[in-house]
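Okay, so here's the structure we're looking at.
Chain nomenclature is as follows: A, B, C, D, E and F, assigned in order of appearance, with residue numbering initiated at 1 for each chain independently.
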Amino acid sequence: MFFHDKRTQYTVRVDKPDPQFARLLQQAIGGIEGEIRVCLQYLFQAWGNRGPTKYRDMLLETGTEEISHIEMLCTAVALNLEGASGGVIDQIVTANPVVKEIMGGMDPRHYLSTGLAAMAADANGVPFNGSWVVASGNLAADMYANVMAESTGRVLATRLWNSTEDPGMKDMLSFLIARDTMHQNQWLAVLEELGGLKSVHPIPNSFPQTEGPSEFNYAFVSTNLDHPENPGTRWSQGPSIDGKGEFTFVHGVPLGSEPKLSPPIPEAYAQMEQMKPDGTNNIADSLL
Amino acid sequence: MFFHDKRTQYTVRVDKPDPQFARLLQQAIGGIEGEIRVCLQYLFQAWGNRGPTKYRDMLLETGTEEISHIEMLCTAVALNLEGASGGVIDQIVTANPVVKEIMGGMDPRHYLSTGLAAMAADANGVPFNGSWVVASGNLAADMYANVMAESTGRVLATRLWNSTEDPGMKDMLSFLIARDTMHQNQWLAVLEELGGLKSVHPIPNSFPQTEGPSEFNYAFVSTNLDHPENPGTRWSQGPSIDGKGEFTFVHGVPLGSEPKLSPPIPEAYAQMEQMKPDGTNNIADSLL
Amino acid sequence: MFFHDKRTQYTVRVDKPDPQFARLLQQAIGGIEGEIRVCLQYLFQAWGNRGPTKYRDMLLETGTEEISHIEMLCTAVALNLEGASGGVIDQIVTANPVVKEIMGGMDPRHYLSTGLAAMAADANGVPFNGSWVVASGNLAADMYANVMAESTGRVLATRLWNSTEDPGMKDMLSFLIARDTMHQNQWLAVLEELGGLKSVHPIPNSFPQTEGPSEFNYAFVSTNLDHPENPGTRWSQGPSIDGKGEFTFVHGVPLGSEPKLSPPIPEAYAQMEQMKPDGTNNIADSLL
Amino acid sequence: MFFHDKRTQYTVRVDKPDPQFARLLQQAIGGIEGEIRVCLQYLFQAWGNRGPTKYRDMLLETGTEEISHIEMLCTAVALNLEGASGGVIDQIVTANPVVKEIMGGMDPRHYLSTGLAAMAADANGVPFNGSWVVASGNLAADMYANVMAESTGRVLATRLWNSTEDPGMKDMLSFLIARDTMHQNQWLAVLEELGGLKSVHPIPNSFPQTEGPSEFNYAFVSTNLDHPENPGTRWSQGPSIDGKGEFTFVHGVPLGSEPKLSPPIPEAYAQMEQMKPDGTNNIADSLL
Amino acid sequence: MFFHDKRTQYTVRVDKPDPQFARLLQQAIGGIEGEIRVCLQYLFQAWGNRGPTKYRDMLLETGTEEISHIEMLCTAVALNLEGASGGVIDQIVTANPVVKEIMGGMDPRHYLSTGLAAMAADANGVPFNGSWVVASGNLAADMYANVMAESTGRVLATRLWNSTEDPGMKDMLSFLIARDTMHQNQWLAVLEELGGLKSVHPIPNSFPQTEGPSEFNYAFVSTNLDHPENPGTRWSQGPSIDGKGEFTFVHGVPLGSEPKLSPPIPEAYAQMEQMKPDGTNNIADSLL
Amino acid sequence: MFFHDKRTQYTVRVDKPDPQFARLLQQAIGGIEGEIRVCLQYLFQAWGNRGPTKYRDMLLETGTEEISHIEMLCTAVALNLEGASGGVIDQIVTANPVVKEIMGGMDPRHYLSTGLAAMAADANGVPFNGSWVVASGNLAADMYANVMAESTGRVLATRLWNSTEDPGMKDMLSFLIARDTMHQNQWLAVLEELGGLKSVHPIPNSFPQTEGPSEFNYAFVSTNLDHPENPGTRWSQGPSIDGKGEFTFVHGVPLGSEPKLSPPIPEAYAQMEQMKPDGTNNIADSLL
């Protein structure tokens, strides 16, 4: 069950409102690298967690923290949009083509649809999409999904930090960047605890690797038509990272044959000519 | 800022796991009538709220409660999917065509993508979409969006209640139905406090109704070619609900003219024939 | 069955074409508050209507009127984009960075994809989405969906009205604002006719309220950790709006227990460590 | 402006309601091959039409007819779902696993979300998407979009016709199949009138073909590594269909060079190692 | 199986990087008229092809060529974005409102999400959508889908060509325009080989036209309330294009009746008033 | 530039066609864990790669290999759907309710939309979405995105392997599982080469960690209201994984204050009552 305190997790201060920066912040709210995604991802992983409960507990804690981050960013958007009140919107109705296009930099829906508030969408107004919420039921795969989310999330936050000179916004983003630092480390700690790379991989480690053709497990397949020899990279020779094989280098060759599909069944209503081997346009007798 | 307790808001008990019912429950999680939508909707309305803070406070409270509802439903999905372990998935690999199609009733991604856990999607696996989160900046419009969400949400919950005979699930759904009862009343209470129908409407009530042609404000426009006379319905005669006019009945007639657009500009690379008044295929001289 | 007249329902006149305003108008065409949504929503409600036919008839009339509104707005977009012909597009290829960014304010797809015409998309180019079409089969829930759509739609229209100084556009928008006034009243008239708040709520009113735990029906659940006493708001004391109970105020407490899910089934291919109670990375015997 | 008659364009009769067939019909309503798409496509093409008005007039006529087709199909869905009332939904709550999975064949949202009515979605419940509405501003391109829509639409309709034995449904689908026949011919008639293949192509025919390297205009580029000789197909030799060139056959060869991008700019916050030519993990001095 | 050469199919050269043009190029990558769509469309048609294998072979060749086009355009986006490094991004943090809005013309995600590289999205940042990939199983329908894709694609390419003065970009686009010329011809060549219009139509030609009411096959249905006489257009008189009938002109009339749906079933939880013929709000006895 | 061989990379053999398994395979084609996603992800990363070219080269190789995997899976879908020809589709038109629901297990669009071929969609028919293609411009973040994609991809492939008893399908899936093993190792090898966890993290490692408040970098923030002491987990004490700090445990406390937004601006057309501090419904003087 969830509770709240009316204060934010960290200070949200906007010294000089900037409606265009409000648009950029939306990427951190409703974008694929954003906070709604990690919030729901950690919570759904917690709610579906099967296995040691300490991981469920941790996911629930950090998922809850992320709601507070959404709150901070939405507040920041609303405060930045206050810069639109005396300025940008008035300018929409002026004849001056130069100032008018500021609307191009601002998200027009921040005025039209929300009256100066945040949306569950990214910096281009593309809505948040639930498909981004990854909870696979495999703990290690989920941890990688989380490290990836915090890595692209921290990259985004640093770029946002670089896109403003507002001290309040820089301070808030520094806090979020620090939290992303922690969260990267946190999910990596689970992977370490699970035994590290050699134990964790290949994910899932519960599928018997003795199934299937073993020669493809650690072979770098080159599709390059220049046909160079083994370039001796880390991924084409030496021990595999999971410690269970040796990297090799092979030139890709087709091992299968040319696919042969049956002719169309009559009920699929293909063209009649598809039912004749030579593709001529004589009517197939069987169809008449 | 947000906090949690590891216990759920209300008991989640599944007496007889049912993977097909798990699929139906998804509609209440990630569907347009579902809990992710109301949760984010109330929170975004709170975070963007401008005006008396008591409304912001209330939205924050109920938005927080809705996270607890998502949690309950996701837990219910996970518990219902445990019915798949010994049965449904084994049956996938059997040759019996009759039992096999149970997979059709179950969402296959509940096995393939989550390993028996909930998703941020609806009963057809269509992902949650952030566009459903309505926070317009107009308090009365938002209250109607909330009444509507709780009304379609309660209708959904009663249909789910009717779709199971599991006592635990019926009990949990009864609780959610009761909360929807409260929430409908709660948003209506705001509308009452704002002055009721006569004061609230037309929304927004801050736009001067003296703008524009007044004769269209309360006219029921009939597009029916049978051209019946005023049927004397509540919406075609008598005082308007907002108390600011009188309903009338008119037969729709075009008041505008046939639109005339300019010919294509050359840079738009239309067909050359579009640039000739008669549509003939002579090459326009100006294009050569 | 449907018919048309080549003239528009109301005059569509653009005195000074403005390609940036064309972008804003898209929100009223293909946005969630827009006319495609209400058009399809009323028509789908009509086509699925079960119950007194007078409601079906009304929905069909107004759904048909909304097609005429889409037509007006699309025509307005096309006319506004004519301002792009001699100016904006030429400027794209100039070196002047100041005039060039007008393209930022215009939707680039209005040139690239349509050659100066409207799209079935919102002001950010996000396509219309059929999930917004609400037709629940419950008449009262649908009426609220319609009041909500006309309320956010009228808010949008007033903001658009405020975003232009073109007399033709202001006139057209005033007409649409007036129609939204009528339509809000119209759906409210149905709710009045259904008996008003006390009869209509809780929606659906056909589900027996005697089912389930009654103490949650009218309780405001506070999730605020400050634990204030009952603030005495309209939604925490006094009679409920539906007249069927008394509002109360309670501090949220978890009534459920901590969820316990079964360990992963082997066929879900979780990590092996998930199948051990202590989360260590010893291989579970049962998996070997 | 638009008007309606309460009767449908053609008889909609369901002799034996079938909720599973209702699901299949959804593809013809809200799928990419469906009627909402063609309806909006023709209307948007009409409303943006620039050029001879007779094409605008025709698009308006047929776009209006398509609304009537959506109406027929939605009515058919609602009537087929009546087969769910006494049977399918009751069975949801029975313990019999065999009959229960009928829900798998029915769209569960036809009960949960609409209470036995149609949705603006396809046969899998995926919502209609406005991006499918093609109106390019080029008349010939649009006509091909229309022929394509009516061709995939007629293929769909014949497959639906084959999926039912209900005489009423077969009759209604035969009518729709006949209309698709007409509409295919209708759009082809415009292409004929525009001068036929030799005049119409390449689309757009208003772009000067003298621009750019002419040797690629009619060359079939083979990417097949078997390096066969010209197989002598219709598209590798002989006159081109547009009459403006001669088909040739060439083996694909890279004419460009290997792309060279600049190193990352510091503001993009790539990894430091990306800024070093050798990829080693020494910290770049310039970053400290 | 697929292979690659590190060089591009044709030269990709950007003489003067332009981050705003990079945004426009996205339409040709991830838009509905773009190269990801045609690439996947031709490959999916090939992989599902049933009928003469020469068509499968051709689709595979051209589908493979299109991957090379995506590569060229993505490279062009990355090169154009290099113009953002020294300029645009620095300007984001300046106080000058005039230069700042260049960000409005650039896609902000080109900095925030990719660090100056292409995305699988259109010019508004709307993601590529797999629903655009048409592979119907009917060869003629698919060929029209391909002609349509290459026609709208070539229209887009010419508009892009017109939107830049960069010689390198103009050269690359001229190459792509030439390939679209070939591809239009190529798919038309299949239609010719299949027998041309009279043999190919109506698509599918394997459905017996004797089914259903023949009078609707070639009738132009007018929905225009002006009720003009047959205007004598190509599509209202004379032989049909498929040679199988004669065009006629008819005024649309409803041939069906007003739909009658059953009242709601109790399990759908409609409002009680819907179950009463007169719509009054007396409680239906059967519900108590 | 890209080339092809008509043979597949590995044998695709279906011993006993199974249209329901065809539906499951779609998840591996167009789902978020599927092959279109990794194919485009690696190629977009290659095309935007800035930094050492050996990484670009590798991404290009493996991205090209993934096209071959899409091909194999699409072929497998087409072959499995041949099981529908003599059986499932015939059964659609039979009266037997038991066999009929097989259609529920099959994707109906595999017949209706493709005539027995694969689609660019997932197992529920939800279209592939370009937003899943992650190419951040940060090499380490991208490698984690790739490890994550191959981990969830391999989990999916093992579940598919478990869902069939067809020897041909099991063989093909074993090959794909082996390739996922290699690809996991391959991306991990890059991370090792970049210096391993201590050098790579926090991502991006080019942002100066001295910015901002350092105490939040390695603090586990607990939101649990039970307020337990430091549980001594790997992520709440001891050295951080990146070797740059020490994990700590803190109880979450709000460090910010309650947000205060300005009242609505008049141009946003909120309700008048929102502009009054006490929320009463007296008309604000300033608005009259």
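Simple rule for what comes next: contacts are C-beta pairs under 8 Å (C-beta built on N, C-alpha and C of every residue); 3 or more make two chains touch, one makes a residue touch a chain.
Only a predicted model underlies this, so the values are computations on that prediction, with no experimental measurement involved.
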| item | value |
| --- | --- |
| If a chain touches chain C and chain F alike, it appears here | A, B, D, E |
| Between A-B and A-F, the pair joined by more C-beta contacts | A-F |
| Cα superposition of chain A on its sequence copy chain D - rotation in ° rounded to nearest 5 | 180 |
| Same-residue or different-residue interface between chain A and chain E, half as cut-off | different |
| Distance between chain centroids, defined by C-alpha means - chain E, chain F (Å) | 25 |
| Separation of chain B from chain C, taking each centre as the mean of its C-alpha atoms, in whole Å | 7 |
| Multi-partner residues of chain A (at least 2 other chains) | 1-9, 32-33, 47-48, 50, 54, 57, 60-61, 64-65, 68, 75, 78, 89, 98, 101, 103-105, 111, 113, 115-116, 124-127, 129, 131, 136-138, 140, 152, 155, 158-159, 162, 193, 203-204, 207, 223-225, 252, 254, 256, 259, 261-262, 264, 267-270 |
| Chain B to chain A touching residues, read off their complex | 1-9, 30, 36, 40, 43-44, 47-48, 50, 57, 60-61, 64-65, 67-68, 70-71, 74-75, 78, 113-121, 127-131, 133, 135-138 |
| Chain A partner contacts - residues on chain E that touch it in the complex | 1-6, 47-52, 54-55, 89, 92-93, 95, 97-98, 100-101, 103-105, 107-109, 111-113, 115, 124-127, 137-140, 193-195, 199-200, 203-207 |
| In the complex, chain C residues that touch chain A | 20, 23-24, 27, 31-33, 98-99, 101-106, 122-126, 152, 155-156, 159-160, 162-165, 223-226, 252-254, 256, 259, 261-264, 266, 268-279, 281, 287 |
| Touching residues (chain side chain E, partner chain B) in the complex | 155, 158-159, 162, 225, 267-269 |
| Residues of chain E that touch chain D when the two form their complex | 3, 5-12, 32-33, 54, 57-58, 60-62, 64-65, 68, 72, 75, 78-79, 82, 85, 89-90, 111, 115-116, 126, 129, 131-132, 134, 136-138, 140-141, 144-145, 147-148, 151-152, 154-155, 158, 161, 171, 173-175, 177-182, 184-186, 188-190, 192-193, 197, 201-204, 207, 209, 211-214, 216-225, 231, 233-235, 240-242, 245, 247, 252, 254-259, 261-262, 264-265, 267-270 |
